[in-house]
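Sending over a structure as structure tokens; questions will come in a sec.
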């Protein structure tokens, strides 16, 4: 296999630091984006289950618009069209904000489903015991919901890491970008993409396996009463 | 019955792999065994004969570089200096300069498309470098060009010296990044780079204000000048373009190189360049 | 009016976009149908606990689910030698097959083990139980998630532009290359997003309606 000739691998190992830098960008962007996604997801997830029609509508609109348009189109929009208002976030921030809002919409659905899986009676009981709405949410409903929420949340983290490769399309110097750039420069695309695939797999597989373990535990403990989304 | 089910599943799975991700379905490329029988059968090398028998020379060109290889949005045809060069090669191999099938390639697609046999040659402003010569055959240079800078007229940037802390858009894999960086280091100017897969994306980034300059080879830039932009007089490190072929296809590489050197010697290359306003 | 949004209001540009939308739909529809077939097979394989087939299916699902779609698209484009649109279909099929396989497996797992034993006691073979009793129930439960996966496929098809397939987003990128003002870029992407939104939103409604109906049918 000429595409995977040994000298091409040698060239790859020689330039390993480039790929290392790419990995750092991928991991840090994903981590920051995950924080954004969690913040937005929890906020809009709670809004979706709140007793006020206004918050439910806002949450519904956010999830609806974001989930029904492609991440790629959103990112292209951020990159090229925001110049209309002279706003130029760096590719990395577009990654953090773009991935954060995109996955935030999915996290919001996960949180909403988690909260709704807790019986309404619990909220009512807590309110009747003198808890405020937010107090009941924080001390009674959310601690139970988190157990149901965690497995699909971990899956969202995996999806987010995979989607972070979109940075490569806006010159984000992430892992995928480094593979593109290095292999186009040298022509040794075989080893570059194979190596990068292995790295992404090593990032995602443990998380995905952990999510499945959690899922199985929830199913056991709740006697299959709740099927995690 | 269980065995029956099992065998059906195995079949479908195999199908899924073939349809999907395996490398077990290479395009019918001129294979090594054909090469073995060639000397006895015909004076033509097997890889060249395969193209002659097929009756069409498949070439990867640019579709977004006016004058070199540009796809007219109205007709859908790709035309340009490099397509004409492909026609000259087709004439030498097949005897008919109309038997060319040009498909667009970019920095990411050109190498793999050569290797998997989708195309016979890349004639797409492909700069010859030592690293790349280890992956593909390159002909002698057929064009030489220096890297330039395209900027917006209203940006107030007059030369590379004004570019401290500015961002420059370059094409992925183009050698322009290194060229501009070297020049900037000499001038003591600090630059940022954004890399893009295609030229129109860089132009859009310039228009959108994401980058302050679009830097690639001068002749490519010329195709992107409009009433709001201008090419600066700065020019760095000349690059040589060559026709690339798959490393195994030595016979084809020889024929291609013969055509290029002959055209350079007898003035045909100059005529072609004049035809496209490149000289 | 050079540089204005009005400059974009031309019939041929709309036609150009329309062609891109057709490519998007072609890739999405073909790959979701193929994935339904392959996904069922691989899901059953993984469910079967067969010594050879289950690990193969497991490897396939994990390898695909844990790699970025962009990489799969590159692999499909360059390792298979397929034409660009077909390579897009191949990549989306490989990816969606893995997702649907897990849906099928989940569906099979959710079916009461007692049904297997009951069928066995009635003289049903393994294959017949699967074919006539278990799989039909699992597949019926698959329809709503398949719809939502279809939406995902339509959206993710936008990625194939990176290997030069001119689907909806790709057409927009090409038009962006020909026009030069930020207000035009803004309009182009807003328009594309709107098309995706209408398409996916309607599909989502259909999925929810189906889901309600299938719940009604089960009880």
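By letter and in written order, the chains are A, B and C; residue numbering begins at 1 in each of them.
Here is the rule we go by: a residue touches a chain if its C-beta (ideal position, glycine included) is under 8 Å from a C-beta of that chain, and two chains touch if they have at least 3 such contacts.
For clarity, every value in this text was computed on a predicted model and none was experimentally measured.
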Any chain that touches chain C and chain B: A
Interface with more contacting C-beta pairs, comparing A-B to A-C: A-C
Farthest chain relative to chain A (centres taken as mean CA coordinates): B
Where chain B and chain C are represented by their mean Cα positions, the distance between them in whole Å: 33
Rounded Å distance between chain A and chain B, as computed from the means of their C-alpha atoms: 36
Whole-Å gap between the CA centroids of chain A and chain C: 19
Multi-chain contact residues (two or more partners), chain A: 80-81, 83, 169, 189
Residues of chain C whose C-beta touches two or more other chains: 74-75, 78, 162, 173, 176, 182, 185
Multi-chain contact residues (two or more partners), chain B: 108, 112, 115, 197, 204, 207-209
Partner chain C, residues of chain A touching it in the complex: 64-65, 67-74, 76-77, 80-81, 83-84, 158, 162-166, 168-169, 176, 189, 193, 196-197, 200-201, 204-205, 208, 224, 227
Residue ranges of chain A in contact with chain B within the complex: 2-3, 7-8, 11, 79-81, 83, 86, 88, 91, 169-171, 177, 180-181, 183-189
Residue numbers on chain C that touch chain B, as the complex places them: 16, 34, 37-38, 41-42, 44-45, 50, 53, 56-57, 60, 72, 74-82, 90-91, 93-94, 97, 125-128, 130, 162-164, 173-174, 176-178, 180-182, 185
Chain C - residues contacting chain A, complex: 62-63, 65-71, 74-75, 78, 110, 151, 154-159, 161-162, 169, 172-173, 176, 182-183, 185-186, 188-190, 192-193, 196-197, 199-201, 204
Chain C contact footprint on chain B (complex, rising order): 1-2, 4-6, 9-10, 12-13, 15-16, 19-23, 25-27, 64, 73, 104, 106, 108-109, 112-113, 115-118, 197-201, 203-204, 207-209, 226, 228
